[in-house]
Structure formats: structure tokens, C-alpha cells
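So, here's a batch of structures to check.
The following pair of complexes shares a single chain, subunit A, combined with subunit B in the former and subunit C in the latter.
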Partner chain A sequence: MNESKNIDYLTCLFKSLPAQSNGSLSQDTLPEDQKLWLKRLRAQAIDKAGQLKWPTVKDEEWRFTDISPLTRLPFKPAKAGHVPGLSETQPLFIEETVNRLVFIDGFFAPELSSIADENQLIIGNLDTLATRHAHTVSTHLGQYVQSQQNLFTALNTAFLHDGAVVVVPQNTVVDQPVHLLFIATQAETTHYPRSLIVGEANSQMTVVEDYVALQADNGAYITNSVAEFKLAANAQIQHIRLQRENVNAFHLANCAVSLDYASRYQAVNVAMGAKISRFNLDISFKEEAAECVIDGLALITDEQLADTHTCIDHLKPNCTSNQQHKCIADGKAHAVFNGKIIVRPNAQKTNSSQSSRNLLLSNEAQIDTKPQLEIFADDVKCAHGATVGQLDKEEVFYLKSRGLSELAARNLLTYAFGAEILNSIPVASLKHTLEQTVLNQTRSC
Partner chain B sequence: MSAVLQNLVNQPYKHGFVTEIESEIAPKGLNEDTIRLISAKKNEPEWLLDFRLKAYQKWLSMSEPNWQNVHYQKIDFQAISYYAAPKPKKKLASMDEVDPELLRTFEKLGVPMHERAALAGVAVDVVFDSVSVATTYKEKLAEVGIIFCSISEAVQKHPELVRQYLGTVVPVGDNFFAALNSAVFTDGSFCYIPRGVKCPMDLSTYFRINTEGSGQFERTLVIAEEGASVSYLEGCTAPQFDTNQLHAAVVELIALDNADIKYSTVQNWYAGDENGVGGIYNFVTKRGLAKGVNSRISWTQVETGSAITWKYPSCILRGDNSVGEFYSVALTNNLQQADTGTKMIHLGKNTRSTIISKGISAGKSNSSYRGLVRITPNARNARNFSQCDSMLVGDQCGAHTFPYIQVHNNSAKVEHEASTSKIGEDQLFYFAQRGIDSEEAVSMIVNGFCKEVFQQLPMEFAVEATKLLSFKLEGSVG
Partner chain C sequence: MKNENNQILLDVQNLYASTQDTEILKGINLTVKRGEIHAVMGLNGSGKSTFAKVLAGHPDYTVTQGKIQFEQQDLLALPPEERAQAGVFLAFQYPIEIPGVANSQFLRLAYNTIQSKRGTDELDPLEFDDFVRGKMKLLEMNPDFLDRSVNEGFSGGEKKRNEILQMALLEPKLGVLDETDSGLDIDALKIVAKGVNHLSTEQNAMILITHYQRLLDHIVPDYVHVMEAGRIIKTGGKELALELEKHGYDWLHGDRQNNAGISA
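Presenting the complex of A and B:
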């Protein structure tokens, strides 16, 4: 790991900052006082990013994921460019949705987006809403994500210029899922997608956060995304996160979730793309009686690396968390999972379970998993489990005895392993698409 | 609930007393001269001095680790005396010649040596402040060709064996404390089981720390030749002192083809008082190398003492079909801290490992399980099962689990599970219904919780361990 190179990379990044800050937000579309808070937020993040070091494999949090290849390429921040036509992007849309926000390389594309429920909820891009709903946006933006120790969230905030904002007002139920589509088109750039999702008291919604590359084989790029979720009392959010970047991409993502009294957060995270991907999910139980259910699936092959770090922090009593993470690694792929559960001293009656199940399809694939428990309260129920293995010979044999070929049997079993996670996706068409993708991927092996 | 537990927790250390024996103590501090002094005092050959000096050089270039989940004041390595030996006396031929004061100490500890040896058929190699003073049953063992003696004696009498194996499992620069130990170890046990010999009795040593302010650096080397098998026990108690005492031991086990080594530990060193003052720092490097095919290494430990327990008895499974096992009970109370677990490194084909770890935290203590299971690309069909359970007694203690699982080939099967629980009110109620008071109920529940591990201990140790847990937790539930 070349230390000086990393410093070079960061210096390079900072040099590009002034150019960025002339982006869409500072085109004086906002009254001075209203964009001040945003400027301050960015300024703080710039300071913070300047103090933080580039993580290396010597850092415990990055032990298995070497991101030094990132520093070898001169990635400039993406600029607003050509917006692809509807014909190219249409296949990516989800048929059930009426609300869709599309971002091309981090820039809002109104011509591809569709906002139907503007009367019912606050939805739109940050640039617009920071003016129209300055108070709501400023109270939430940047409040949940941890940027003290995290270089990438700090960088994302430092380069913040636009993003998706969805606020569901009190007692509102949004029937159709909201689709946030982040499309990458430019090679050799870094883009900084940002999302802020707020569910106010007693609200309900489903949101699909979707990262995708338009061409499967365009060059390398970096996605550094941050998503913040705030659930007020009794709010319910179903969150589906798809990472389908191209195979040359680097995907670094942070997602922070803040849970109030009796709120419920249900997530399905699917990672299939990117050369190196890292997803941090931080969930904080800020009030009692909240619940979260998190399912994850990483399906990777060739020389891909997928790293998932989750931290579920039980700060208050009587909360429930349930996590299941699965990795399917083929080729020379390397899957990493680190699931931390913290039960703080007062968080009595916590009920937490976690399982990490991993399937190795080839002899060169590798898995590093670390389900970690830190418990400081006595009246709790915590359990975790991890398994690593290959397809069961007996099961393959059983299917063969029923007339399936070896390949068909193996594919069916692999598919079934992954489908357990996909089954919890509440959007039918999306579930179907993903199931097809998994089937195709398993078929090729 | 908490009242009974509190009582349990407040159980004073029963083995706290200092035996007045004249000690010969080296001046405090560590430098090359100290090492030369130790080496000269022990009349060591040149190669061993080189070994020590090499380790010392390594140690100088290393820094203290900081990733652990235990906290302690920085140790001043220059404030420790690295050599303390009871005044040399003429070699003893029988138990009667042993210093009566020393014998009384063991009596107080509940280890009537000769009695115990006779009753249980155990040969006890007594290590008292770094120098072995008595060895029993040696002749009987010698009949079948087993060498069981202190390591300094082995250096004199069997230098070729010591030289061949010392530092092969735990290299001098392995880690900070192992390097320190390699530089300054004063004594320890040596055990060699020749080819095809099944050791006719359980071997055991008692480690004791006496003489305030002297760190103890034990070195243990156990070698089982082809087809040999041995069960080795180690039990520890120490008198009550206020200054923290560093104990940085190194244990190396080597099992050749078809050999079998079982290493059991009951550790009950002084844990400090309820305010966390005093107590032993138990920073030990224990590692077994299952070198030959079909070899087996099994670690069993019951850790109840020490202010800080920080150790990972590990198995390197190099031979094909070799087996590694780790059974552990770690009980922490008051302000005790434990960061313990194991490493299972699978290198050979068809290697298997089992990890059963039970952590019990009471009072304000913290206990961590930290484990590594690594399956390397060549370890085809490797198999691991891990289970680490924690029990929390009271709401101010903590239990942590850090299992690392690294699998680099697809024929491996690795399973890990962990759970955390407490002693339920309903469980205590059920016992009360049957006329069993809460104290006894807690003891039964805890012993039930640890049963899988106790089953692995040799009989007399199992009895001792059960008692130990009971009185360590006495009066902590109400």
C-alpha cells in the first residue's frame, strides 16, 4: 500500500472540490440564508475529510477489502453530461411505481423521472426541495450518517450537489414503491449519489434504491453513495437496495437508519455488480419497541469482491432485530461479511438474531465472515450463526435421482439458496427480474 | 437476583497468602546483561543464549499490541525482576526433603502432593517461582521412556530434543509477549513421549506465582512422537498481592503422526479485589502443531482467575486428517477482563476442528470470545464446528464475540453459532419449587451451562472446576 499515492489521490480530490462547489446548488437559485446551512454542512465535511486517512488493510474495518486499486486511477468528479434516452433507460424502470427519481452520474434527470404524488408526499431532488422545504430537509440531511470516522461519507457530503429526497408526511400510506434510480454512464469519474428518506409518524412506504450502469462494459468508475433513513414513531419503511454496477466499477456505499418508537424497518440488500463493492449499513435503535429485519444477498463471480459491513446498535430496550445475510461466490470471487450487533447497557429485553450463510461454488472463491456480538445488558436474547460450505452432495444426488442433470440440480439448489432472500422483496416485478438474474447467473456456472 | 449473585461475586480469594521462602532475585530491568545472567545462572549452552538474544532483539523491534478488548495500565518492563529462584539447595531425592514451608503452601491450596499423587496416580512436577523443586513419579515414567522434567533440566540432559523443537511452533518473533518470554523464560515443563507410548498416567504441573514483583515466564514444551499419546494438566493458583503481576507464558505442543495430546488448564490466579486492584495479568501464547497425519491436539481450559486473561490456545492442523479441539469456560467477576478464544488453522486435507466456548460474566466484568477459523486453499474437506455461548449475570457486565471465519476453498464446511442468555427468573422459580435455594440453583445452572467443557476435563479436575465455579459465583443471585 503506497501511502504517498493515497495522499496524492486525496489531494487530487480536494483540488477538484472548488470546481464542484460551483455545481447546481450554488447557481444562486436559493436565497442566501437558505443555502447557508448546506454550505456549512459541506464545509464541515470538507474539514473532516481532510483529517481522515485513506483506509488500508491494516485498519480492522478494511482488513479483507483492499481498496488501493481505487487510488491508481485518476477519477474526477462526474460532470453533468449527456442524458440517455428513454428507450435506453426504460428497461430499468419498475412497472409498479408511479414515483421515480432518476439520477445520471449523480445529476437529477427530470425528463426520465416521474413524480405522481406531489400532493401526498414531499418528493424530488435535493436542489429543488432544499428551497421549497428548506426546514424539513435541513433538519434531517446529514444528521444520521456517521461521518466522524468515515472518510467516504465525509467525501460524499463534501461533494454533495444533488440527491433524492422523499418525505412521507404523518399518517400517510404510500401504496406504490418509490424508485430511486442512479445510473452511471461516464467512465473514469466518481459520482456521489445521495438519498434522504424520512417516514414521519404512522407513515408507510416502500422504496427501491437502485444503482446500475447503462452499459455492461463501459470503463471503471466510482460510486460513493450515502443514504439516510429516518423513521419517526410507528413509521414503516421497506427498503430494497440493488447494486448492479458494471464489473469494472467500484462501489462504496453507506446507509444509516435511525429508528424511533415502534417503527419498523425492513431491508433487502442485493449486491451483484462492481469489481469491488463495500456496503456499510448502520442501524440505530433510538427509541424503544422498534424492529428491523434485514436480508442481504451477495451474488458474485470472477474476480469480484463484495464486502458488507453492518452494525446494529441497540441503544434502547425492547427492540428486535433480525438479520440474514447470504453470499454466493463463484470463480475467484471474494465475499466479506462483518455483522456487528451492539447491545448497550440499558437495552434490556433486546431480541436479536443474525445469521451469515455462505455458499462457495468454486475452489478459488473465498469467504471471510465475522458475526460479532457486543453485549452490555443481561436480560437479552442474542444469537448469531455462520456457515460456510458448498452444495450438499446428498441434495444434488436427490435431485439427480429425480432425473435432473448434475448441472440442473446444482443450479436449482444455488437458486433456491439465493431465492430465500429475494422472496422477501415486496415488489412483484422486481422480484421476478432479480430471480431471472440469479437464474441466469447460476446457469452460466 | 442480583443479591445472591453479588455474594457469589464477592467471594474473597481463598488462596491468598505468601510463603516466606528466601528468594534469589535478579535486579529489576531488562537488557542483554539480564539475559546473560539468566542464561549463566541456569548454566545454559551457547545456542540457547543465542535463542534468547535473538528473541530479545525481536522484542525490541516490536510494539505492544493494542487491538485487544482488555484494558490495563501500560506495563513498565524495566520495573520487573526477570529472575527469582528459591535459594539453591542440594538436589532432593524424596518428598520428605522438600521445604516444609513449601509443602504447607500446597496443603493450604488443597493440593496435598504426595497424597494426591498416590491417590490419583498423578505425577506432579511442582513449579514454584520458576524453579522446579520436586518431581514425582519420574522413575515410573522413565521406565516407559517418557521424559517429564523441568525445561532447564531438559536443556542439560536432552539438549538435542529441546533444540530441535523449541520455538518451532511459537517462533521467537511470533508476538510481543512470546518474544519477551523467549528472551527471559526461567523455567517450565518439558515432556517427551517416545514413539508408540501411551502415557500411563495424567501428567500435571502446578504453576505458582510467589515473590511479589517478579513476573513469571514459563516455557512449556510437549512433544508426542509417532503414535504417542498424553494427557497433560496444568492448574494454577497464586497468593494475594497488590501489584499487578505479569505472566507471559509460552506453551508449545507438537504432535507427530497418529499422536494425541490433550492439554487441560484450570486457572485460578488472584483476580484483584472488588475494586480491580491487583491481580495477575495472564498473557499467554499457547499453540499446538498437529504436524503428522491423524494427529490430534485438544485444549481444555477453565479460566476463573486473573485480573486479565488474554490468550488464544491454538491449533495448526498441518497433518492430513488431523484434529483440533478447544473447550473453554471463562468466568469473569468484579472488574476482571477476559479476551480469550482460539485459532484453528486448517492446512492439511480432511482436517477437523471443534470449538466449544462458554463465557460467564458477572459483576462489572467483561469477557470476550475471539476466534479464528481459517481454511486454506489446500485444506480440502476441512470441517469446523464452533459454538460460543455467553451468560450474563447482572446488568453491568459485558459479553463480546469476535469470530473470524476465513474460508478459501469450497470443499470446506464451517459452522459457527453463538448465543447469549441469562439465568431466567422462571428457571430459578422452577428450582425453588423443587426446594432448591437460588444459590444452589445458580450453581447447578452454571455447571449445566458448562457441562460440555467439564466433560472434557480429567475426572479430578472436573470436580475441582465444578467446585471452583460454584464458590466463585457464591451469593451472586437473589
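Presenting the complex of A and C:
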């Protein structure tokens, strides 16, 4: 990495910042004091981002993923632009959903959104709710994601102007999934999607966090997203995360999850798009008896790179984590999985399992998988396993002996490998759509 | 039933095959006509299962000599899927589990692939559902099997029944059953045998590969062949299986010289 390029990129970014760390936000139309907390949050992030260095392959956390190509793309933050019509966006909607927040290049699009349960939930865009529910939002926003060492979360907060906020009050069950749809339309820009999801005590909800490009072939752009999840005691959240950016895009994402007593977090993360993508998922067991189930699938081809880094931090006793991650790499694609599990000294009776299974479909594809267990307690169960393989010859023969062509047999087996993860998606129409996508993608292999 | 006037379906001549430079089949000769049921018996390692796999075109085995004619076609020239399309079916000794693919999805895909190659109509999911449920009754299979992943978590008997179900759907001209009886309790064996008998017609033929005479109490063969060291060393009628059951395979060694290389 060339140091001067690095400076160019960051300098360019900071020049485009609407505010200096000690100045005021010129875009604000609301009374100064109502968003003071937000300005402070941003100011701190701007200072932090200025101190952090661009990561290179010399950093252990980035050694498989070279993001130096991004420094050659001085993409300015996106500005509010043309909002596509319903006819273009409707195919992306989920039929079971009554609550949907749509963002175009990071800007809230109320005309495409749908809010049905406003009386039951706090749901809407950050810019509105930061004043209307200032106390609740300021209590949580920026409190769970780690910005001290992470340039991209710091940049996301520094450029924070809007985002999705969903707060489920205690004892409330939201039946239908909430869809957070982040659509990219402008090439050569960077956008900064942000989500804050809070489940108060004994609440239940399902959230779909969805990153998509409107055209499959529009130019390169950068998505730098941050999502924060807070689950209070006994709360349950099902989180489906879909990354289906276009193949020229760069997707850098951080998701932080904070789990209180006996809460349950279930996630399915699917990465199919982007030229280079990096997803960090950090889960903290803040109190006892909580549980998480994390399934992940990366399905990539050509020259795509998909990197998933997860860190499950068992800070308290009696918590359970189950993780299953799969990568399918075809063409010259490169998939990376780094699964860290930390069991702190007092986190006795931790029960943790991790499985990383990987499928190479071509001789030029590459998969790097690294389970990383750091166990400091002695009365724990931690199981982990990692495999990298090709399609099983006997399975292919079995299908061919039933009349299927070599290609059809391979595609069906590839589909099946991925479908095992998609089967955990609790939203039927979405599961079906993704299964079709995977079938089509494997068909073209 | 055998009928001397029936057409020859399968003609295996002097078949040699090896895997990883080890020769396993050493000159098999076998002729099968439509309407016939053949049993191939023999000890472990005699080459029975290899013979079955070679008929289906398993990629691990290389045919080094000999010919296989299937209805005037050179079977060895066809890849496995075209053999299946031409009407060869292998019921696997160890059916493969495919997690993530529903059995119904797999069965319909296989059925429709074969149907389209034969130029007949494919069935949509609803039509296929009715069709497959009818076939499942024959094998006393629980309809739940359709929703489960292919063979995943099936017991040995359930897997074997699923194989026979596939044979019932695909209606092959030649069914090769590789130790379909192994791992079956007597009730499951009777159900599978009933299914096979039901599917056996004047137009098709079956090759049953088995260790034991037990299966042949329920499916009566027209010919019994005994394999040893990669060859058929003796051929007889159904009574040969009973003799083997009574005297054991060693009994053959007395008159082995006279019968070597002779086949049906």
C-alpha cells in the first residue's frame, strides 16, 4: 500500500464532510440543542477517523482481503438524487412485510416506504426519530458498534445523516418481518447506510437488512454500512442480512449485537454480490443465559471476494452460541471466513459450536477459513470444525445414474449445499426468492 | 419369466474392468433377455458390485477389454446419464444422502429428465405429487418421505425402498439391484420384493446382486450365476441358490474346473 494514496483518499473524504469536528452541521434545520448529542457523536467519530489508518494486508485482520483498490476510487458521499419509481423497486419488496423502510443511496425514501405499526413501535428514519425520540435513540445509537479501532465504523458515524431505526417496546411481538431496504443507484459515490434495532424486554421481531443495486450493471460504488442490535432481557430477534450489491460494488459492513439476559438472536447472513465485500459481525454476551444462532452463506464467482469476520464474545456464564458458515466459490473467486470465539475467564458453562464448510467449484477459486478460539474458562463446551472440499464424486454419480446431466447434477448439489443455510430463513417468500437466485446462479456456472 | 423367443436386452462379452490399476472383473459373459430375472451371487470381493457399477458407468472403473451391448447400442460408449436415459437403472447398495434437496424435488427432476429424453410429457409438481403417491403406496412408504431431504436420516430399509421407488418412477428396461436385500429386516424385505415383482414384466429384465438366498425366496430368478475372482464360475436355475445355501460357496470348488467361463 502506498502511503500517499492513502492520504489522498482520506483527505478527499474529509474535504467532503459537511462539518468539522468543532463546527455545526450546516444541513440541520432543527433547533441546535435537540440534535446536539448526534453532533457530538459525529464529532467524536470524525476525530477518531482522522487518527485511524487505512488497513492493509499487513494487518492480521485484513491479511486475506486487499482493499487497496478502494483507495484509487475517491468516491464522494452520495447526495440525495432521483428516487426510482415503484415499478422499479416493487420487485425487491417482501410480500409478508407491512413495515418497510427504503433508503436510496443512504437517503430515506418515504414514498417507497411503508409504516403500518407506528402506534405499536418506534419505527422510521433516524433524522426524524432523533428528535421525536431523542432520549431512546441517543441511549442506543453508537453504543454497541466498536469505533475505536475500526476506520470504517468511524467513517460511517462521521458521515451519519440518516438511517433506519426500529425499537420494539417491551412485551411487544411484531408478527411480520420488518424490511430495511438499502438501494444503490448512483455510481462513483460512497454511501453510509445505518441501522439501529432495539428489542426491549420480552419483545420479538424479525428484521431483513437488505443491500441491493437497482441495476445489475451500473458502475462501481462503495457501501459502508453499520448496523447495531440491542436485545434486552428475554428479547428475541431474527435477523436476515442480504448482501446483493452489483458486481462492481465495494461493500464494507459492520454489525454489532449486544445480548442481555436470556435474549435470543438468530441470524442468517447471505453474501452474493459486490466485487469486494467485507462483513464484520460482533456479538457480545453482556448478561447470562443468552443464546445466538448464526448461519452464513457466501456464494461468489468470477473475480469476487467475500470476507466474513465474526467475533462471538462470551463475557458471561451460561450462554450458548451456534454458528454455521458456508462458502461456495466458483471461477476465480476468493472467499474468506474468520470465526473468532472468545470465552472470558468467568464465562463458565459456555456452550459454543462453530462449523465452517466450504465448497470449491473451480481450480482457480480460493477459500481461506480460520476458526479462532480463545478460551479462558475451564468448564465450557466448545466444538468447532472446518472443511474445504469439492463436490462429492459419488453424489454426482448418483444423480447422473438417475439421468441428470453432469451440469445438472453439479448444480443441484451446489444448490443443496447452499440451501441448507437458506432453509433457516424464517420468511417464506424471501427464502423462496433466494433459493431461485441460487438455482439460477448455479445454473449459469 | 424366461421365454426363449424374447429379445436379447443385455449382452456382456468377455468384460474386464479395473480400478486404480487393480483388475477386478476378469472376463464376464452374461446374456439377459427381456422378461428374465437373473441373480448374481458370490462372496465379498468376488466383483459383484463392481459389475453393477460398471453397468451403470461409475467413473472409478475402467473397462480394459470386452463389450456390453444394450439393445443393439454400445453401452460402454454412453456416459452414466445416457445409460439411465436408455433404460438402465442401478439401485445402489449404499444410496447417497443429499441434504438440502427435498426427495420430491429430486424424484420429479429425475422423472422429468428421463421423460423428456423419451419424448413423453413432463409432470408439474401437482401432477407429479399424485403420481408419486400412487407408487409409494405399493412400497408402503409414508408420504412424509417426499418432504425430507434425499435419503438424509433414512434408515437402511427406508433408503432401499426409496431406491425401488425411483425404479418404479423411471420404469427402466433393465433394473440392476445391488444388494438391495442387505440391511433389511424380513418385513422390509417382503415389501421390497413385492415392489420388484410388481415392476417385473415381459418387457424388462432384472439383475439381482445378492449374498444370500433369502431374497430369492421372494423374488424367484430364472437364472442364478455365481461369481468368484471377477468371473462367473457357475450358472444354473433357481435351485442353484438353494444348493449354495445348503453347502456354502466352497462346495463349488469341487467342479469349478468344468464350469469356468461358461455362462447363460
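Operating definition for what follows: the second predicted complex is superposed on the first by the 434 of 445 C-alpha atoms of A that agree within 3 Å, B and C clash if a C-alpha of one lies under 4 Å from a C-alpha of the other, contacts with A are read in each partner's own complex, and residues count from 1 in each chain.
Definition applied: a contact is a pair of C-beta atoms (placed from the backbone, for glycine too) under 8 Å apart; a residue touches a chain by one contact, two chains touch by 3 or more.
The shown structure was predicted, so the numbers you read here are calculated from the model rather than taken from an experiment.
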Using the superposition on chain A described above, determine whether A:213 touches subunit B (first), subunit C (second), both, or neither.
neither
Could you say whether A:380 touches subunit B, subunit C, both of them, or neither, answering first, second, both or neither?
first
Taking the superposition on A as described, I'd like to know which of subunit B and subunit C A:365 touches: first, second, both or neither.
first
Between subunit B and subunit C, whom does A:417 touch in the aligned arrangement: first, second, both, or neither?
second
Could you say whether A:390 touches subunit B, subunit C, both of them, or neither, answering first, second, both or neither?
first
Applying the document's definition of touching, compare subunit B and subunit C: which contacts more of subunit A?
B
Quick one: is A:404 in contact with subunit B, with subunit C, with both, or with neither? Answer first, second, both or neither.
second
Residue numbers on subunit A that touch subunit C, as the complex places them:
392-395, 397-406, 408-409, 412-413, 415-420, 423
Complex contacts: residues of subunit C adjacent to subunit A:
56-60, 79-81, 83-85, 89-90, 92, 95-96, 98-101, 106, 109-110, 113-114, 117, 149, 166, 170
Please output the residues of subunit A touching subunit B within their complex, sorted ascending.
60, 345, 348, 358, 360-390
Which residues of subunit B touch subunit A in their complex?
67, 375, 377, 390, 392-422
